[in-house]
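The same chain A turns up in both complexes below, where it pairs with chain B and then with chain C.
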Partner chain A sequence: MSRALPVLSVLLGIVVIWYLASIWMNSTWVYDQAERAGTTISFAEMVPQTMDQERPLLPPPHQVGAELWKGLFGQAITSKRSLVYHAYVTFKGTMMGFGLGIIAGVLLAMAIVRFRVMDMSVMPWAIISQTVPIVALAPMIITVSSQMGIQGRDIPKAIIAAYLSFFPVLVSMVKGLRSPDQMQLDLLKTYGAGQGATFLKLRLPASMPYFFASLKVAIAASLVGTIVGELPTGAIEGLGARMLIGSQFGDPLIMWASLFAAAILAGLLIVAVGFVERFARRRMGVVG
Partner chain B sequence: MWLENGLSWMKDTMTQAVIEAKGLNLVFQTADGPVHALKDVNLTINPGEFVSFIGPSGCGKTTFLRAIAALEHPTSGTLTVNGMTPDEARRKRAYGYVFQAAGLYPWRTIAGNIRLPLEIMGFSKAEMDQRVERVLDLVELSGFGKKFPWQLSGGMQQRASIARALAFDADILLMDEPFGALDEIVRDRLNEETLKLWARTGKTIGFVTHSIPEAVYLSTKIVVMSPRPGRITDIIESPLPKERPLEIRDSREFIEIAHRVREGLRAGHLDE
Partner chain C sequence: MSKTKENLIAVFGGTGLVVGFWLLVKLDIPSPFHYAALCLAFVFQAAWVEATVGLRRPIWARLCRIEAPIYFGLMVLLLWEGLVRSLGVAPVILPAPSAIAAQIATSLPTLWTDFAQTILKGAIPGFLIGAGAAFVVAIAIDRSPFLQRGLLPIGNFVAALPIVGLAPILVMWFGFDWQSKAAVVVVMVFFPILVNIVAGLQASERMQADLMATWGASYWQTLWKLRLPAAMPFIFNGLKIASTLALIGAIVAEFFGSPVYGMGFRISTEVGRLGLDMVWAEIAVAALAGTALYGAVSLIERWVTFWHPSQRH
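Showing the complex of A and B:
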């Protein structure tokens, strides 16, 4: 409860500001309409008219809420108009990218920690890779993969998502695998432990807290990557495609509802990763 | 015939020095030039001895212990452990090493930590369980096997790390300031227990310490060292009996040895 209060206060603040901004931004249209009709309109008359426009510049919270409700529960979840359906498509892409990103990040980190050459050659490129804007890269990945004869958008989307999500895993795992101090390494040496045993018994378990900390960042990055992957070149499925359709067909309510669906999805994913992390920490003897 | 061979082999190993250093030098190359960590060290440690190394920081006591454990390699001179090179001796599991910090893995239980060397050395599951029980009993931690390290006090953690070093039955126990980070009261208790452990197991112990009373109380042989370059200034054979209650520290003999150690440390200091 003590944690809920500050969060709810901030939420309340956002809602108030949002309503004020809606009134302000949507008022232009109301005043224009009045001017065209040759009438004047008072402030008190204007405010209600900003609350239920069909194409508002900034839809107020209750309109977005209603549209979100309709999108989520208004039809069968298999319907192409259902946000649940589109969220599922995005979720699938996110998880594929997340998995791919974890594998790539962990394998690269292992190689970098094991081989000095890899540290010197791969690490700088991994950092540079993150400076390339993904929006520029996404269409290229999609084009190239279709050139290579890959059917559908699942794989290119997963690659785009993995491109963003491998990085936090890589950085954390490198740090985690290097976290054991000299004394712990010496101790294993006195047992005559080889590279393999040192990795399995010491480096890998020592890196786990770092790994789980990176997963929360990685899953969010993976979701962003998937949505970006759904934006370009005529995708019709997924929350990203839904947002683009909303904005291109001048239907801001669809765009806003999709945006919020994506935010809810992100929240659920992060909570799920948090649960996995808690479970793993408990297994490893850490409480809390 | 084979019996005679066996007997003579047994005789050899009984009289053979456990650790023998002859003209040992160890130089570290650092950015500020070479550092002479050990200079012309000659020392013989016999089976069952409790040998303390005492001296100020930089005197090479830890370096010497690490050289025995093949964690550092001498620049010149010879060093044998059970008649082998330190590297061979490690492969034969000749020693267990206890560091200043307990260094228990936080993700393993106490029993899991003690099992660590056994897993690496490939003991069977049943053998491991039996050994863990036995060494936990030796350090008086029976019943704590399922606890995690953070649930134990600092002294208990260090006892667990000693149990870990004992688990694979090495003849030699090397301890590098194992109680340095603990308070005096805990330290006294662990010193007593260390002596009991030594009496029960008959191991040869090499023990690095900063504390004069600790060195005198525990050892059968005290090696006094001094820094820059690290060298031995005095070797004291202790006349104290094997059976040592804590009160022995007020005895005349004890005070005399402590005095000699202090003299040795001061002499090393005056050389500078």
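Showing the complex of A and C:
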């Protein structure tokens, strides 16, 4: 309860500011229309006209909400105009990239913790890889994979998403696999445990909290990667493609609705990861 | 470890190094022999580094730390070059590193114009404005725990959203030139930095705050002398995340409309014309710019937060 009130009032404040901004930004068009018609228009007459324009500069919240509702529930979910359909396409890409990213991140982390030479030679490049703006690579990954005969956009999208999501997993897993202290490692040595047993019985369980903490960051990064992968060069499916179409047809309502659909998808994914985390912690006997 | 073993390791490592660089110079005749030599050089080198660090000789270990990533990068480039040449990979799929280097050398003026447009006019001003705005907002809501409790969850959520999606809208508002790119960057970097500053301002301990109070320090003195310095590790964490986001924002925004120069514009048009060597040249510039920006933030961090445990080596 102590958190709901402040959050709600900040949200309310955002909505109010949004309404004021859309009145301000859309008023130019109303005044222009009035001037062209040769009439003058008062402030009180102007305000309602900023609320339901067809192509507003900044659509007010209720217009975005209506468009979102229409997109989500207005038609069959298999229709190409349904946001649920496009969100599903984006979701599929996100999950593929997320899976790939987790596998790549965990394997690399295992190698880095096992071999010092991997730590020294690969880790700096992993960091540099994240300073390369992925969007510079995205169009190229897509054309190259189409030339190599890979049909559809699923795989290039997943590669881009994995490129963004492997890094948080890698960093956290390296930290997690190294988190057991010398005392615990020594104890396992006195039991006569080898490298493999130490890894399975001590390092891996110890890294789990780090692993789950990184998943939330990774899934958000994966969603960004998928949307970026849907932006360039002629995609027609997915929330990113919807944004591009809205931008090309100059239809801001489509853009805002798909932006909010993406936000809802992001929220659901983060909540889902949190749920999996809590389930896993309970199964492992960690209270929390 | 015995003396002989040490010497043996040194010989192996040296051989790996020499063979690697010999291949680098003579790379025009890729053959199975080359790949075998390359693999061997790589394994030798890896074994050398692994063993040398185990020796715990400070000088060697430090040398390895610099040499290992450079060697690894060179080897990857070498393998790339060799594979492209011996398999005859079409340049429209993957150009060889040498072709990319040649492209960079011949189109330096174009690359510079694109760099100036995207990085100097789009990313960096956007980054500075976004960071400044986040700082002002964080200080403004600092005195109100109510606002903080409301803003933090929302800010955390927004920081996880695909803000990139705002790019087409902002391009529509601010036009095709660099202003819209800077605006996208501002929005992208704002929330991660804000969340980190607010979290950082809560990082100083109760005891320290009490001490400041006993000295009769005012709110602003406490902020300036205690809480801001204590927040610096968090702030730099946010700035580092934002430095890579800034480049992404500036480049993506150009996909939605730009003047006829800029890195995002060049990449999307050259991909359309299958001029992949130019695309790779731009990627190389983007990688350099990203690394430089990240490195600059890290350097300032080391200078400002020299007292923090993570900076002590």
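Quick note on the criterion: the second predicted complex is superposed on the first by the 287 of 288 C-alpha atoms of A that agree within 3 Å, B and C clash if a C-alpha of one lies under 4 Å from a C-alpha of the other, contacts with A are read in each partner's own complex, and residues count from 1 in each chain.
Definition applied: contacts are C-beta pairs under 8 Å (C-beta built on N, C-alpha and C of every residue); 3 or more make two chains touch, one makes a residue touch a chain.
What you see is a predicted model, and the numbers here were worked out from it, not measured in a lab.
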> With both structures lined up on chain A, is it a clash or a fit for chain B and chain C?
Replying inline: fit
>> One more residue to check, A:Pro124. First (chain B), second (chain C), both or neither?
In response: second
> In the superposed arrangement, does A:Ala21 touch chain B (first), chain C (second), both or neither?
Replying inline: neither
> How wide is the angle at chain A between chain B and chain C, using CA centres, rounded to the nearest 10°?
Replying inline: 70
> Looking at chain A, does chain C or chain B touch more of its residues?
Replying inline: C
>> Contact-wise, after the overlay, does A:Gly192 reach chain B, chain C, both or neither (first, second, both, neither)?
In response: first
> Touching A:Val10, do we find chain B (first), chain C (second), both, or neither?
Replying inline: second
>> Contacts for A:Leu268 in the overlay, against chain B (first) and chain C (second): which applies, first, second, both or neither?
In response: neither
>> On the A-aligned overlay, A:Ala111 touches which partner chain: chain B = first, chain C = second, or both, or neither?
In response: neither
> Shortest C-alpha to C-alpha distance from chain B to chain C once the two structures are superposed, in angstrom?
Replying inline: 10
>> Does any part of chain A touch chain B in one structure and chain C in the other, and if so which residues?
In response: none
> Considering the complex alone, what residue numbers of chain C touch chain A?
Replying inline: 46-47, 49-50, 53-54, 64-65, 68-69, 71-73, 90, 92-94, 146-151, 153-154, 157, 160-162, 164-166, 168-169, 171-173, 243-244, 247-248, 251-252, 255-256, 263-264, 267-268, 271-272, 274, 276, 279-280, 282-283, 286-287, 290-291, 293-294
> For chain A, which residues count as touching chain B in their complex?
Replying inline: 183-184, 186-193, 197, 201-202, 205-206, 208, 284-286
> In the complex of these two chains, what residues of chain A are touching chain C?
Replying inline: 2-3, 5-11, 14, 25, 57, 115-117, 120-125, 128, 130-137, 139-140, 143-144, 147-148, 216-217, 220, 223-224, 227-228, 231-233, 239-240, 243-244, 246-247, 250, 252, 255-256, 258-259, 262-263, 266-267, 270
>> Going by the contact rule set out above, which residues of chain B touch chain A in the complex?
In response: 66, 69, 71, 90-91, 93, 95-97, 99-101, 103, 105-109, 116-117, 119-121, 148-150, 168
